[in-house]
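In what comes next, chain A is part of two complexes: it sits with chain B in the first one and with chain C in the second one.
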Partner chain A sequence: MLDTASTASTPPAAPAAPAPPTPWQPAPQTSWQAARCVLGNLWIRHRVTWRSTFISSVLQPTLYLLALGLTLGAHIRPGPNTWGQPYAVYLVPGILVTRAVQNAVGESTYPLLDGFRWTRTYWAAVSSPLEPVDLLNGQVLWVAVQVLESAVAFLVIAAVFGVVTGPGVVLSLFFAMLTGLAVAVPVMAFVASLEREGPWFTVLSRFVILPMTLAAGTYFPVSQLPGWLQPVAWVTPVWHGNELAREAAFGGLNVATLSVHTGYLLLFLAAGYAMARRRFTRRLRF
Partner chain B sequence: MGMIDAAEPAVADAAEPAVADAAEPAVAGTVEPAEAEAVLVSASGLHKSYGDHHAVRGIDIRIRRGEAFGLLGPNGAGKTSTMRMLACVSPRSGGELSVLGLDPDLAGPQIRARLGVVAQQDNLDTELNVNQNLLVYGRYFGLSRGHLREKSVQLLEFAQLSDRGDSRVDALSGGMRRRLTIARSLVNDPEILLLDEPTTALDPQARQVVWERLSALKRQGVTLIITTHYMDEAEQLCDRLAVMDQGRIVAEGTPAELIERYSSREVLELRFPAGDTAQADAVAGLGDRTEVLADRVLLFTHDAEAALNAVRARGIRPESSLMRRSTLEDVYLRITGRELVD
Partner chain C sequence: MPVVESPLTLSAVLPPGIYARRARALIGRSAMVGRHIWLLIASGFVEPLLFLAVFGAGFGTMIGPVTGPDHHPMRYITFVAPALLAVSAMNGALHDATFNVFGKLRSKFYDTVLSTPLGTLDIVIGEMSWALIRGGMYSAGFLAVMLATGLVGPVAAVVCLAAALLVGASFAATGMLATTYLRSWQDYSFVTTATMVQFLFSTTFYPLSTYPKALQWAVQVFPLYQAIQLMRDITFDTVGPQTAVHIAYLLVLAAIAFVCAVRRLHRKLIS
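And then the complex of A and B:
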């Protein structure tokens, strides 16, 4: 009686529940599949939000190239300090690396804190079969794709301005990407341990990322720095990235420099990854 | 026709809540005995600590297939910690736990593939629209886009959001977001649905819709595990309840059993002028138990009318009186106390 009444009072539009659960065995996902799935989902999100990042990732380096390379550069004579290249040409690999680092760090700060703290989508993701490390892997892949995407766009524009010297620059792309990741992954570890934003992102960008991109061989050779500052530049990943990108673009890549510089960047990446992995797990599986 | 279909299982439910099969296998034939006996969640001595803080101090839980199990308790009682362990997103610090027959420490992803989780705080992607949210989440379960397209239509119909598929989550009301979160948690056809305070912060209409949808799921045989501190919600949805306090389960049973054990059948509420303690003292002993509050006295009794007559016979004249049946709220306050817990 009571039940009939309650059934009658439900709106007629109210549909029945979905079909009863069937014993359903999901396809087991390897961690590669899981990471690719996170990557795919970030892509779905990117399709909605790309406009806000487009300006900083593509237009800004173009403006740098125009402002510094084509105007200031007109007053700089090609010489050993510019690898014998016109200044604008000398700048291209450096800007590739620098922008890769800035993009990669950008993709590793606010979007991560958003997942952990603001929209909390990471918490939803790890209540599915995914583990925190799958999220991290997907995020790292995403940064690689993002960096590559905007670097390619920049290179196309640079080629239009006639400041790309040859096919070696394509190799510079990958060194730029590696440098971006080497800086971004430790940043991910740092963000994963942040309870709230606080002043940290400003501190990071003004006192770590910006000085590194200005002084570690992007716009002028490190040899122009005061002697005591040069060793500081040598320990930054950006300097190693710049060296690799220029050697690839202008020739001069050899086994010794290749192994030292990529070795250093890979070491940075590996240490950062180990930290980030631990931080992600600690944060999401307490 | 549809009405009869819907009413039938509800009647069977109402006939005898799940207590009967706790002690012995169901014999009435309303449920398949094998099904009724299937224990989906079993915990013993389950313990969780964060450093020196012991959030859960050794609890035992058994939840059978098709049951709606409620965890009640004040803030900080350990409900959410318990839920996180059951959802296999938080490693246990001690004790035994088996979910769907598997150990969460060893088979977390396999178990989570068969669970649905509605967290206390919404964690939808607010930049995306409703359909995209379902798609993105479904892909974490390895489900194909094609399957998810069909499934989304079904889920949105269930959540009464069919016309909002293209709306950004930003634009949805709190009630709609909650329904979407519930719809999303069903994307993998879970066998167990865990809901942590599913209707907190919703308006009464929105709560009614959520309850109605959850009841529909229950009728379909989905096992529900719910935490709440709304007693009406517990009474509406749950076959069996466990009250937690300070990390322990302090009472367990069906709503009816708990009322019988911890309260009386009826309650007589007498209102006296504030500060008039003499009158309040005078009615003591007229009920099985008396509780004196700032402005009222509660007499717990099997017959409120008789108690009121007895009060009047003593010449006591309260400002007003109210006779009512005992509720879970009475039980809850008796067990966990009236002090404010923040």
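And then the complex of A and C:
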């Protein structure tokens, strides 16, 4: 109401030349707008480097599908171990989840430390109206977009090879994204507390991410692992993601499993987010 | 008068200032840095063992016996282990020769090195030697596990270690050559992809006969295929004329890549 009143009182403006477009955006008003600013910035960078990102996020899983799914898979008989599916079909949801986790973690390590330490873009950003939490939100959104983008591309390729069973696999996409975030957001909290790189990214990828993606039900069911190792696999988000993605793809999704697995993943995500939020704020504001 | 191989003849062939015979200084520097990142270096032992455990033991239960090069069926893990040894030798050498060398190029570390008496050839020899030392340690660790689990005999293990150093030299030289072409960190994913294609398709996980004829020829061109076959020949005791071909292939590759890497790096650093 106030707005209309004020415009009504001003005299009708003379037709002036249109204002030259300014490169400045108005300051974001809501945290959603702020996160979108950050997302936009990441997107600009992506436009320059997308070729190599595309290679690692789409070509590499396709190669895994070809080598392990279609070629090695020819030596594996369909059975209860493969949900009754041909091995390549069984593998597709697993690759979706695994690659989502790897992509998401990749986007959450070096790029974050770059913002904090090397090019220090985060410090530039928080001297604008952006808050530290906006940077985190934007980064989380970015990871979600990025993971979904490459997962869709991989799924299209998998469909061309004829190893996609049905529409259920579209649901697997979202479970893959959720798993990616459930692993990546705690990683963001970890990276935000790192003073320098040290050996930590390699240690993280070799001792946490790689074992998880290799052994937690991606390439073969957890029941093939030695008995003492199986509970370890059950604790990993990747196992829950794999189960969800396979249930969605091959049927068998029910309320009980859905709520247990998604609940577990959301718990990881929420705990990671709370930690990351605190670390971002503490590091960039104090 | 017979031609005597002396430092003088070598320096007569090489461009001035390219070689000061002090590559040792660079190795010493890498070793000193290595002491500070021991955890990083130690973690390199774990990766190939993890692959052995997962692909050997996990997959092994789903895949029956495989026909080896001697046409006898063998356990899947026996078939995969020598291939993973070659992969580990490749990765161990490549990491230093690509990622670390590119990092040092970007940080202008080599410009500092060149302001000392050291030259480009010292740099390439020094970095390759360190890559070999580190890669050799990983191969030795992996071989120790293979030996302990009866996947390789003691004599074959020693020969395998020598072969792993040859494989490491080929990939270290190729990796350094490839690094001179990288423009940014993003380009590094081309290296990762080239490595992964070889890792997945060089008969690491299944015999060559799985492929159609045309594809078999293409796969045999991969350096990693040659390395894997060399390791399998030694481990399964199927050494024959083809073994000499594998060795020759890797030697020639190492030599060509080494010379090209020195030339390209020299041009890059001096101009």
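Operating definition for what follows: the second predicted complex is superposed on the first by the 258 of 286 C-alpha atoms of A that agree within 3 Å, B and C clash if a C-alpha of one lies under 4 Å from a C-alpha of the other, contacts with A are read in each partner's own complex, and residues count from 1 in each chain.
We take it that a residue touches a chain if its C-beta (ideal position, glycine included) is under 8 Å from a C-beta of that chain, and two chains touch if they have at least 3 such contacts.
It should be emphasised that the depicted structure is a prediction, and the values quoted were computed from it without experimental measurement.
Colleague: In the overlay, answer first, second, both or neither for which of chain B and chain C A:L214 touches.
Modeller: After superposition on chain A, A:L214 lies in contact with chain C alone.
Colleague: Once the shared chain is lined up, is A:T49 touching chain B (first), chain C (second), both, or neither of them?
Modeller: Both: A:T49 reaches chain B and chain C.
Colleague: Which partner reaches more residues of chain A, chain B or chain C?
Modeller: Here the partner covering more residues of chain A is B.
Colleague: Please indicate which partner A:L130 is in contact with in the superposed arrangement: first for chain B, second for chain C, both, or neither.
Modeller: Only chain B; A:L130 stays clear of chain C.
Colleague: In the superposed arrangement, does A:T281 touch chain B (first), chain C (second), both or neither?
Modeller: neither
Colleague: Between chain B (first) and chain C (second), which, if any, makes contact with A:T62: first, second, both or neither?
Modeller: In the superposition, A:T62 touches no partner, neither chain B nor chain C.
Colleague: For A:S193, select first, second, both or neither according to whether it touches chain B, chain C, the two together, or no partner.
Modeller: It touches nothing on chain B or chain C.
Colleague: A:H75 in the overlay: touching chain B, chain C, both, or neither? Say first, second, both or neither.
Modeller: second
Colleague: According to the stated criteria, A:R206 is in contact with first (chain B), second (chain C), both, or neither; which is it?
Modeller: second
Colleague: If I apply the document's touch criterion, which positions on chain A are contacted by chain B in one structure and by chain C in the other?
Modeller: In chain A, positions 49 sit in both the chain B and chain C interfaces.
Colleague: Of all residues in chain C, which touch chain A in the complex?
Modeller: Touching chain A from chain C are residues 37, 39-40, 43-44, 46-47, 50-51, 53-54, 58-59, 61-64, 66, 184, 186-190, 192-193, 196-197, 200-201, 205-206, 210-211.
Colleague: Which bits of chain B are touching chain A when the two form their complex?
Modeller: Per the stated touch rule, the residues are 2-3, 6-7, 10-11, 14, 50, 87, 89-91, 108-110, 112-115, 117, 119, 121-128, 132, 135-137, 139-143, 154-155, 157-158, 160, 184, 186, 188-191, 212-213, 216-217, 219-222.
Colleague: Please give the residue numbers of chain A that touch chain C in the complex, ascending.
Modeller: Touch list, chain A to chain C: 49, 51-53, 55-56, 59-60, 63-64, 66-68, 71-72, 74-76, 81, 198-199, 202-203, 206-207, 210-211, 214-215, 219-220, 224-225.
Colleague: Report the residues of chain A in contact with chain B in the complex, numbered from low to high.
Modeller: Listed in rising order, the residues are 2-4, 6-8, 10, 13-29, 33-34, 37-38, 40-41, 44-45, 48-49, 119-121, 123-131, 284-286.
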